[in-house]
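Inspection log for the structure reproduced underneath, given as C-alpha cells.
A, B, C and D are the chain letters, set down in written order, and residue numbers restart from 1 in every chain.
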Amino acid sequence: MESLKSEFPIFANAEKEGRTFIYFDSASSTQKPQSVIDAITEYYGGYYANVGRGLYWPATQASNEYAKARDKVRNFVGAKSAKEVIFTSGTTDAINKVANAVLLPTLEADDQVLVSEMEHHSNFVPWQQACIQKGADLKVIPLTTAHTIDLAALKATLNSKVKFVAITAVSNTLGTKNDIKIIVRLAHAVGALVLVDASQLTLSERIDVQKLDCDFLTFSAHKLFGPTGIGILYGKQALLERAIPFSYGGGMVALVNQDETTFADLPAKHEAGTPNIAGAIGLGAAIDFVESIGVAQIAKHNAALRTYTVHLLNQIEGVNLLAEDAGDASILSFTMEGIHPHDIATFLAEKGIAVRAGHHCTQPLLKSMGLPATVRLSFSVYNDQREIEQLKTALEEIKSFFG
Amino acid sequence: MESLKSEFPIFANAEKEGRTFIYFDSASSTQKPQSVIDAITEYYGGYYANVGRGLYWPATQASNEYAKARDKVRNFVGAKSAKEVIFTSGTTDAINKVANAVLLPTLEADDQVLVSEMEHHSNFVPWQQACIQKGADLKVIPLTTAHTIDLAALKATLNSKVKFVAITAVSNTLGTKNDIKIIVRLAHAVGALVLVDASQLTLSERIDVQKLDCDFLTFSAHKLFGPTGIGILYGKQALLERAIPFSYGGGMVALVNQDETTFADLPAKHEAGTPNIAGAIGLGAAIDFVESIGVAQIAKHNAALRTYTVHLLNQIEGVNLLAEDAGDASILSFTMEGIHPHDIATFLAEKGIAVRAGHHCTQPLLKSMGLPATVRLSFSVYNDQREIEQLKTALEEIKSFFG
Amino acid sequence: MTEKLKQLYKTQILKHAQNPFNEGKLEAYTHLIKAYNPVCGDQFDLYINIVDQRVIEASFTGYGCAISKASTSVLAKHILGKNKAEIAVFVADFLKLLDPNGPQPLEEITSDEELMAFAAAREFPERLSCANLAWLALVKELFPD
Amino acid sequence: MTEKLKQLYKTQILKHAQNPFNEGKLEAYTHLIKAYNPVCGDQFDLYINIVDQRVIEASFTGYGCAISKASTSVLAKHILGKNKAEIAVFVADFLKLLDPNGPQPLEEITSDEELMAFAAAREFPERLSCANLAWLALVKELFPD
C-alpha cells in the first residue's frame, strides 16, 4: 500500500510553512483525513441542528446522519443491533460509565475484579477505585515474557468471586496483542463479565463482537482518524437494558414526574443531553475512510513499517527494542543506553519527528519492566519507509551528540 | 445591531440550494459562525495532536490552544483561576458529575435537595435520582404567576437539611429569569451549595461567578455558537479540590500503584482521558465571537426581536403567548387555540421556518401550567424583523387552513 | 402551502381530526388501551369492546396533534367488525403505508383513501410517531409477545 | 542539530548531566528532598546539610533526563554556603531564567554561565518541568506553603 499522506491536509500545510513533520505518534491520536474534516464542516455549515425532536429540515438531516453514524459503528464492530452502540465522549468515559452503572451497583466486599499489568490507566484506575470504594479486590494479571497476558495466571486467578474482567486487546506501549476470545471464554466460565479496551485494536484487525463474545467493548474515534470528544461503548443488549442509565437528563427520559422518572429505550437511555453530533458524524466519516482502505490493509501497512523499523534500529548499538517480536503490531517502544527518552524525543521533535516519550499512561507496566520511561513509535497510513530512514539517521546523531 | 446572518455559512448555503431557512430554535442550539468552524478545521488540518505530553510542535501548539480556550472561559465567566474551569461534554454531563462527585458521597437519608419547577430535565432528573438512591427528599420550588422561582416559597423551604440547590438562571421554555444572587445568598445562609444551570444565561447577561457567588455553574458550548460535545463546569476551587475526581483514567493521575492512585492537581484532576480538544478550541473561538459583539448587545438584539414578536403575534386571534412580559428574554413560547403545536411546527417547517414544539425537556413545568406542549420561538444574532413578519404570515395561513 | 404538506393534511386527515369517529368513552369495553407519546405529550385512550372474538364497538378520548388524532380516529373506525387475525393484518398494512421504504404504489396495500392518506407521512419521518401512536399501543395490548 | 537545540543542551548542561556535582548520598544531612515528576518518571533525592543556618553540604541521587539531572546538579552545587534567605532569592532568580516571559537580557538575572544556560528552556516549554523539578521540590521543603 502507498502512503496515504496526501489525504491528510496537515502534512501539506506543514510543508507549505516549511516545517518538516514526520508523525510517529498515532497510538496517541491519529491525524485526520480531509473527508473527516469535511464531514464536520458540512454539518456545521450545511445542516446544523440539534438531533431528536426538531421537525425542520436541518434537524431531520442531522438526526439521519447521527443515526447513520451509529449504524456504521454497528457494522464496524459487528454488533447485532444499533441499540448496542452507545456514543460516549471517549474510551475513558465509556469505561467509567460501565464501572459506575454496571459494576458498582452489584459489587460487594470480597468480590474480585481482574485487570492486566499492561492496562492503560483509563482501564485500570476506574476499576481500582471501584474496588477501593466497595472493599473488593483488584487482581492484576501478570504478563508472559512475550508481554501478553499470561493465560495460565489468568486461569489460576479466575474463580466465582470474580465479577468483572477488564482487559486491553493491544498494549498501547508495546503493541503486543492478547487473545481476547480465550480470555472471554475463561471469564464467562466463572460468570464474570468482560470489557475489552479496543482503543488500539480498531486498526489492527477487523472487530467482530459476536465472535469475541465480549460483553462490552470500547474505543475512541480520535485514534481511528476521527474527531476528539467521541467514543463508542458496545454492550450486549440485555446488559445495557439491565444497567442503570449512564447519566440522567434530556433525551433519555420517557416520563418525568416529581417522584420518579421512566427512561427511554436503548440506545437513548444511556445518552443523556445533547450528544456530540459533529463528533458522531465525523466518526462515521472516519469509519467510511477506514472501510474504503480495509482494516487488514492498514494493519499490514503498519506492521511492515514496524518490521522495517526493527531492522534499522537494531543496527544502532545501544538501542534496546521492547517486545521486538510482536510482528503484526503498529507500535514499537525502545530505549537507548545512557540517553533519557525525553532527551531523545526533544531531539527528534527539533527535527520535526514526532514520537512519544514517557510511561504512556501505563505506569504499572513500566514498573513491572523496571523502566521509568520509553520512547514509543507508532505507525499509520501516512508513514513510509523513507521516514523511518530519517528517524534512524536522527537517532545516530543523537547518539553521537550525547556519546 | 444588524443581523449577523452573513457570518453563519448555513444561511448562504441554504439559499444556494434554494431552500428558505429561518431559524428560531437557538435555545435548542445555535448556528455556527465561520470563525468557529475555521478554528476547528485549522486544528484538524494544521496542528492536530493530542494535548498534555507531546514534545513536538503540533502537540505544543494544541496544548497552548487548549489552555488558551480554558482561559477564555475563565474570563468569560469571571472565575478567579483557570483551575476553576473544568471541560465537560456538556451541561448534562457537568450536572451529573456534580451530582455524583459532590452531592452523592455526602448525601444522607432525610437530607433535602431543592430544584425548581422550571428545570430542564438535565437539571432535575440527576438530583431526583440521587435523592431516590439515598432516601433523601427532592423539593420542587414552585413559580410565581410571573413564571420565576417563588422566592417566598424558597425561603420557606430552606432549612439546615437542605444540602444542595440546583436552579436554572433562565427558563429554556419561557425565557423568564431568576434572581440568582438572592437565591445563592438564601441557600448559603442555611449552608447549602448552589449549582446554577446557565445554559440559557450565557447570551442573556454578562456572567460573573464571583458576584453571583454560586458554587457551581454550567453551560454548553453548542448554545453559544460553539461546537457540540463540549461544555463547562465552573466550580469554586476549594470545592473542586475537595470533590472526588469526576472520573478516572489517563491525564488525571499522578502516581498509579496497584493498590492506590494519587491524582493530579486541578483542573486535570477532573478531566480523565483525551479531552474534546477540537471542542475546547471551537468554544474558545465562539467566546471570541461573542466578545467581539458583546453579550449585552446580543441580549438587546434578541430582546428587541422578542418584543416585536409579541407585538405581531398578539394581532392574531387565538394565539396565546406565555410569559409575555419577560421583556429581556430571547425565548417566547405560545399555543394556538385548536391547533396542536406539532401541527404548527410541521407547517412552519414546510415554509423553512424552524421552531420547536413539545415540552422542551421541561415536563414538570408544562404539567404545572396544564399544557401538553408549546411552540417555542428563540432568537439570536442571525434573526431579523422581516423573518418575524414572515412567521406571522405563516401563522395566519395555518390558522385559516385549520380554521 | 406546499403540495407535500397538503398531502399530509389531506382532507381525509383533517376531517377525522376535526370530526373524529366516536370520540368519547364506551360504557362497556373489553380493552382500554393507553397510547402516550412522552416526546410530544400526545395522549389517547382507546376503548374497544370485543364480543365473540370480534370488535363490536370502539371509541377514544384524548389529546394530540391532527395526525395522531386522525390516525386514532381512523383506527377506531376501521377495526369495527374485525377479529384479532384481521386486526393483525390490518395494522401491519397500515404500518407499511407509513414506511418510507414501504411498497409502491400504495394500491398494493390498500384502496381505502382514508387509510392511504396517511402515506403522506412517509415524507415526514418526524411525524411517524404521531401517525402510528395508537396503532403500536393496540398491537402491544392485543399481541403481547 | 538546530541552534535552538544546541542552546538547550549547551555544554554547560551536558557537562553537569554527564559529570554531575556530588552525586551520591550524604552521610549526615538535615534535609532529604524527594523530587518526582510522575509525568516522565524523573526522580531525584536531594540531600542537604544545613548547619548554623547555612548549607554546608549538598548532593543528590536519582534518574532523569539530561535537563533535569543537570539542573539538580547545578542546584546542589550552587546552594552551598547559602542561608535560607539567600536560597529564596537564588531559586526565584533561576525560575525567572526559565520563564518565557522572564527578564531580558539574562544578565539582569545572573552572570553565571552555568545558570544562564538553562534559559534555553524558555524555548522548550514542554521541558520546563524537567528544568525546575528539583528546584520546586526544594522550595516546598524549605518554604512550605
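Operating definition for what follows: a contact is a pair of C-beta atoms (placed from the backbone, for glycine too) under 8 Å apart; a residue touches a chain by one contact, two chains touch by 3 or more.
All values reported here derive from a predicted model rather than from experimental measurement.
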| remark: The pair out of B-C and A-C sharing more C-beta contacts is B-C
| remark: Of all chains, the one whose CA centroid lies most distant from that of subunit B is D
| Cα centroid separation between subunit B and subunit C, in whole Å? | 38
| message | Taking the mean of the CA coordinates per chain, how far is subunit C from subunit D in Å? | response | 80
| query | What is the distance in Å between the mean C-alpha positions of subunit A and subunit C? | reply | 47
| task | Could you grab the centroid distance between subunit A and subunit B? Build each centroid from C-alpha atoms only and quote it in angstrom. | result | 31
| Which residues does subunit A have that touch at least 2 chains other than itself? | 53-55, 59, 253, 255, 342, 346, 357-358, 363
| task | Indicate the residues of subunit C shared as contacts by at least two other chains. | result | 38-39, 124, 126-127
| All chain pairs that touch each other | A-B, A-C, A-D, B-C, B-D
| Tell me, which parts of subunit A touch subunit D in their complex? | 339-343, 346-347, 350-351, 357-359, 363, 366, 372-373, 397, 401-402
| field | Residues of subunit B defined as touching subunit A within the complex | value | 9-10, 13, 19, 21, 25, 28-29, 31-32, 34, 36-37, 40-41, 44-50, 53-59, 89-93, 95-96, 100, 120-126, 128-129, 132, 138, 140, 220, 222, 227-230, 247-251, 253, 255-261, 272-279, 342, 345-346, 348-349, 352-358, 361, 363-364
| field | subunit D residues within the subunit B interface of the complex | value | 36, 38-39, 124-127
| request: In the complex, go through subunit C and note every residue touching subunit B. | output: 1-2, 4-5, 8-9, 14, 38-43, 63-67, 69, 124, 126-127, 130
| task | Under the touch definition given earlier, write down the residues of subunit B that touch subunit D in their complex. | result | 53-55, 59-60, 63, 253-255, 262
